[in-house]
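Below, each structure is written out as structure tokens.
You will see subunit A twice below: alongside subunit B first, and alongside subunit C after that.
Showing the complex of A and B:
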């Protein structure tokens, strides 16, 4: 006790010395004062020096006010501080003598009056004065800042959707709350600078809500999660609105009703004691760390959370990245394509083969190696992981479940698989549709699942991986599978099949891809809007990919989707018709054959068909379609390429098969864009132009003719 | 005002925010600016380059501004490095925490070029 008294006396003397030197705006010195007062308060608390605790506590508050610039009268405040320290010195030097009460009383009285006036303005008051007194910012004229803000804010918002959903699963995971909080916090901060008041106000309100949750003063309930998701959507809309010309007035967004909701949620706080004391951010982080070391009664949940956090830490390692305008990127890739062609033109130049120079041929091979490598690298620039697209599905499944009252968990794998950037957007809608399909038609209602001896919560797997020259995306659910009897019934009813005896299981399953097919008995809000799986199939065919379905009745359904690695290159079969060369994308080709003369039949004297095993396929004479003179007039002299598209098969008649080739797709340009039957062109190894067949279009023309 | 050529490290996880801070600093004539997106990467920059002044946000993933401040102050090499903390409005407990940990000054978002200038002046004129 004596020891403490000496320590205190020394500390207070030190303080008195500091006070002489201090400037009201010297923050570092104020910080040191604050630390001193805190330690004095602590020691005196330990030693039970009642009056010192009170005075030093009050002085500490005074210093805090000084730091925060909240002193009403700086001079008076510092006078008081000096007098307080004197008071402390007196207490310590003459502990047994009573203070002159006048000194003490006047100190407390003034303290009281000052503190009374200077009561902290709270969380809301400060911004108004701060922003109104703001000078103009040149920054707001910097359009780039807006553009950056939009894209970055959207990224953050999308990223937090996933955290929110994880939060739903582990509502006490501080890191999830923090991530979500941070996004709103940052958007609030930047929008304040950019004078986007409505966004600022709204994100601030949501942030306040999350802050309460972060400090354990508000429980994370389903209601809260729903609201936060709504808030994300609203903010997304408000921010993407900024993209419009002339920064549109955001008044069309009704934030008031949302603000009212926040108020309601905040008022919903139970009036009991908070679950835990107010914890500042760094406190949370350190307690988390402390848990593993000190607290031996670590619960499994804490362990899991900690592990999850570790994993997240690994995955968020920020690689250095550069943002590039996609147009620039496409130009680069285009030019590299040209370079590859130019290189091969040089190499295949007949003059070149007459030159016998070792150094030249070595150099040319070196050039070829480099251009090939360059092409590979530039192609990879177009590739981005499917992660974002996949993660959006988590939200989709969640929303579907909450609407339909079903329970399902989406398990992602292979999110790091890369796909062509141009494919990302094209994939989104079909994937959403398939997710709806899985949850709405596949996964059974919880009660039914239990009845069937399955887990109450259904499982939907979303996988991506690379296989050969394709990216495979699989969606698998453990629901009820396809009801083939009902599919057949429906197909007959709609006149999609006339004679169904010969249909195999696989063929029946594939009926769901027929246009206008939909078996959902109840038309729900989300699926069964008359848009069927045929749209999905078309979407994949457009991407030069395909969808397959594997179903086991009662046990679930698996959709396998194949898309090419890139949209810039197509894996094709090079064929010749007359003098022209065409590329037929390999995914559409079933087989190539030379028919016997007796397999060719003319129906009604006009439509030619070829018999391939048990079926008759219409023949499409490509030379007629493209008006070129063929070498071979008769199908039995020529070759037939059996192509499949939209569930139909046709035989494309060609003169000759040249080989399999990967070709770089070039646009036909605006003027030829609408030409049916051709999807692009490529420059072949010999410098000639080869047209790429659009099988879809070819089938349409052939059917119409 | 301090040397216009001093190297300033701007730490914020939001790129737009860094751009804004940089913009304001440039308006004040400071052009020698390096960036980091959280405390961890800020420490990496500090190890690599000789930084004269840190402007750091509080709220960042992986390593927050206050953790960065504590680490910097605890290190022999950087313990006197001028440090300006950027905090959000209404977070007085953050300000106090930062001041207790020897921050040179703080500035509240959103701030004006004039405010930032004043704070920088206060930090460097006192030296």
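Showing the complex of A and C:
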């Protein structure tokens, strides 16, 4: 027996072993089975073991059917598989003995009758039963595979966006092309496997395009990049359609025009050239260049390869991370918080201080260290780097540039800075808006830049870093800076300012945050959404952060945004109102003062105001709002907390300041969410519940009253 | 339901009246703790408490059922009750025992005159010579501003 025969015998024995443990729905195992049959087929083909070629070929098809869930009778199919392997074993162990023909014949007969796989050793791939009308995917049965596909495909598409932009910068970098290619390949494979034909067809077409590029038969031009990004968007839409309610409706998406574009790209025709005249549209659609029919049927092998690749990607990419239900995570954090309180209650117990035992106090200190460390670690579980959000901005800037004809490069730094998980989503929209602002209003058109002696390509910096208990996000462009004369003009026109003589530069700059202010002279696709920078400011205030502008006319503009490290913790000032205690988030507090009696004025005998330096601020008597009996009746006996929110300032009257404290914000619970003036609650050091003041809400109530 | 079916109930007192709720809905029974008042909340919401790191509202059943309010004492208990994913505490004067009651001993609620709001009553159970008023928790929840399960 030669080497190949030994190899085969080993492989077949291995297969027999696998067969014992295989489950009909274990795709991974079926995939590996398929691969084994393939190699057996190959080896036997090399060595010209005719019957083995035929049997393993047939078995391979059987496995393919099993993977595609097309077996007419799963149990019988698997029985056949077992018998086929036995047959192979017999062929190999006694090659010269004449086979018992009965065995063999009945095997083929059943193959033929059961699954329609005939004896001839042909190599037609997947059975040609895949009619194009069959988009009947059973959502309930395959739910898990399906949702996995959606989330993974989305990740792949995001990865494509990132690589494609690197590719644009170095169009000859094979690594980037390959990354993009692989991502489309995976999507194609799995979508084919899940029988999502439209997605499959389209991603296949894009893959073909990339394959050409990979093999140097197609140059990567800006047009190609644009197109691929378009394709990414289309796929994103098609895929997110899948997870929407009701049945996905692939017919909503027009892939034909995109397929036509691919064809044109492949033929080296610019997309800008009018289609009519060159080639009738119908002709393009019906010709089978980029997407010929036989290419399209994803063979099970491709699907399995894709799945395999995906799995490989998972294990290398996300290394040592675990996906955990956020609910569980929050519970854990809650319990750790309780542990810290319990620990400190024990430590502060008066009995404890009377015990003079060194070991006990050592152990208690150790316990304290551990709980503190545990708390830190558990809080850090909520944190993720801003990288993903930042990287999405690269695409945003690119799109903005191509729409406005400007040139700008986005330079990221500090992407590893970590931020609260809940904050990430909240940051996205305001950041997009700021990018728009930078490209649309900041960066000049290329010609103008050259004229001004600047580099043709503008530069936008997006930075993140931690500073104290805050994350600072900076957006800096080297554009024209804010045009203060124009801002003033606009503001006057819109009635935002009446008398602008006293306005300092900083105040003028801040006018752009006023609702209803927008200086774009023409409504563009880029900036013309009817919303201005006031939305950005509000978004940051909601996050208990703030935005500042530093602009130098002609040289650029820098926005500095400050957000708390986490939404879960707030820096608060604990105050006393009557018998009760409240926590006011420190970010809203400008100062705290005890006014002189002559600084308190009653306007129209009704509204109380306090004079703070040059301004008069309305006084909000918190005790009235919260219906408690105050300890101090008059503002000059009590304290005034000057709070600022939405550009307004008010003086909140309290009885006393208790202290400054970082507190963990908790939900008041659905039943009490509607209570106005409170934004949440926290658990104080003694285990009791403390209420957190909602400055927005308090201002609203006070204004309405 | 068949007559042989036994209901297990937690019985508690407010003044001299005895009430009961289904034991399956009671998560735990705690001594009354110091609550934090929620300003401008409905009057029967006594406040919120810290239940091992979670903040839950506490309803004063005296107020909800129209009894006169009084301060909690050593006998007072907070029954933590969960319905449809919502958790709330209910402050009662005292919790007496777990009662096993055959279905046949439960009668439809009579129409009450006076103090007790008939809306919250799901039936009346007879144990020896005692009368247990079975409370309709879902309606109580609704009244407490909570979201009643479907």
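Some observations on this one:
As a working rule, the second predicted complex is superposed on the first by the 477 of 705 C-alpha atoms of A that agree within 3 Å, B and C clash if a C-alpha of one lies under 4 Å from a C-alpha of the other, contacts with A are read in each partner's own complex, and residues count from 1 in each chain.
Everything below uses one rule, namely that a contact is a pair of C-beta atoms (placed from the backbone, for glycine too) under 8 Å apart; a residue touches a chain by one contact, two chains touch by 3 or more.
Given the structure is predicted, the values throughout are model-derived calculations rather than measurements.
Ranking subunit B and subunit C by residues of subunit A touched puts B first. In the overlay built on the shared chain, the residue A:555 is in contact with neither subunit B nor subunit C. Once the two complexes are laid over each other on the shared chain, residue contacts for A:627 go to subunit C alone; subunit B is not touched.
Of the two partner chains placed by the overlay, neither subunit B nor subunit C lies in contact with A:596. By the document's definition of touching, of the two partners only subunit C reaches A:666; subunit B does not. Of the two partner chains, neither subunit B nor subunit C is touched by A:370.
Touch criterion met: A:681 reaches subunit C, while subunit B stays clear of it. Those residues of subunit C whose C-beta lies close enough to touch subunit A in the complex are 34-41, 45, 47-50, 52-57, 86-88, 144-147. Partner subunit C is touched in their complex by these residues of subunit A: 334-335, 337-338, 580, 625-628, 666-672, 674-678, 681, 683, 687-691.
Put simply, subunit B touches subunit A in their complex at residues 13-17, 19-20, 23-24, 27, 37-38, 41, 59-62, 64, 66-67, 88-90, 92-97, 99-106, 108-110, 112-114, 122, 126. Across the interface of their complex, subunit B is touched by residues 25-28, 30-32, 34-35, 38, 64, 67-68, 120, 122-124, 126-127, 130-131, 133-135, 137-139, 142, 144-145, 148-149, 152-153, 156, 178-179, 182, 185-186, 188-190, 192-193, 280-282, 285, 313, 316, 318 of subunit A.
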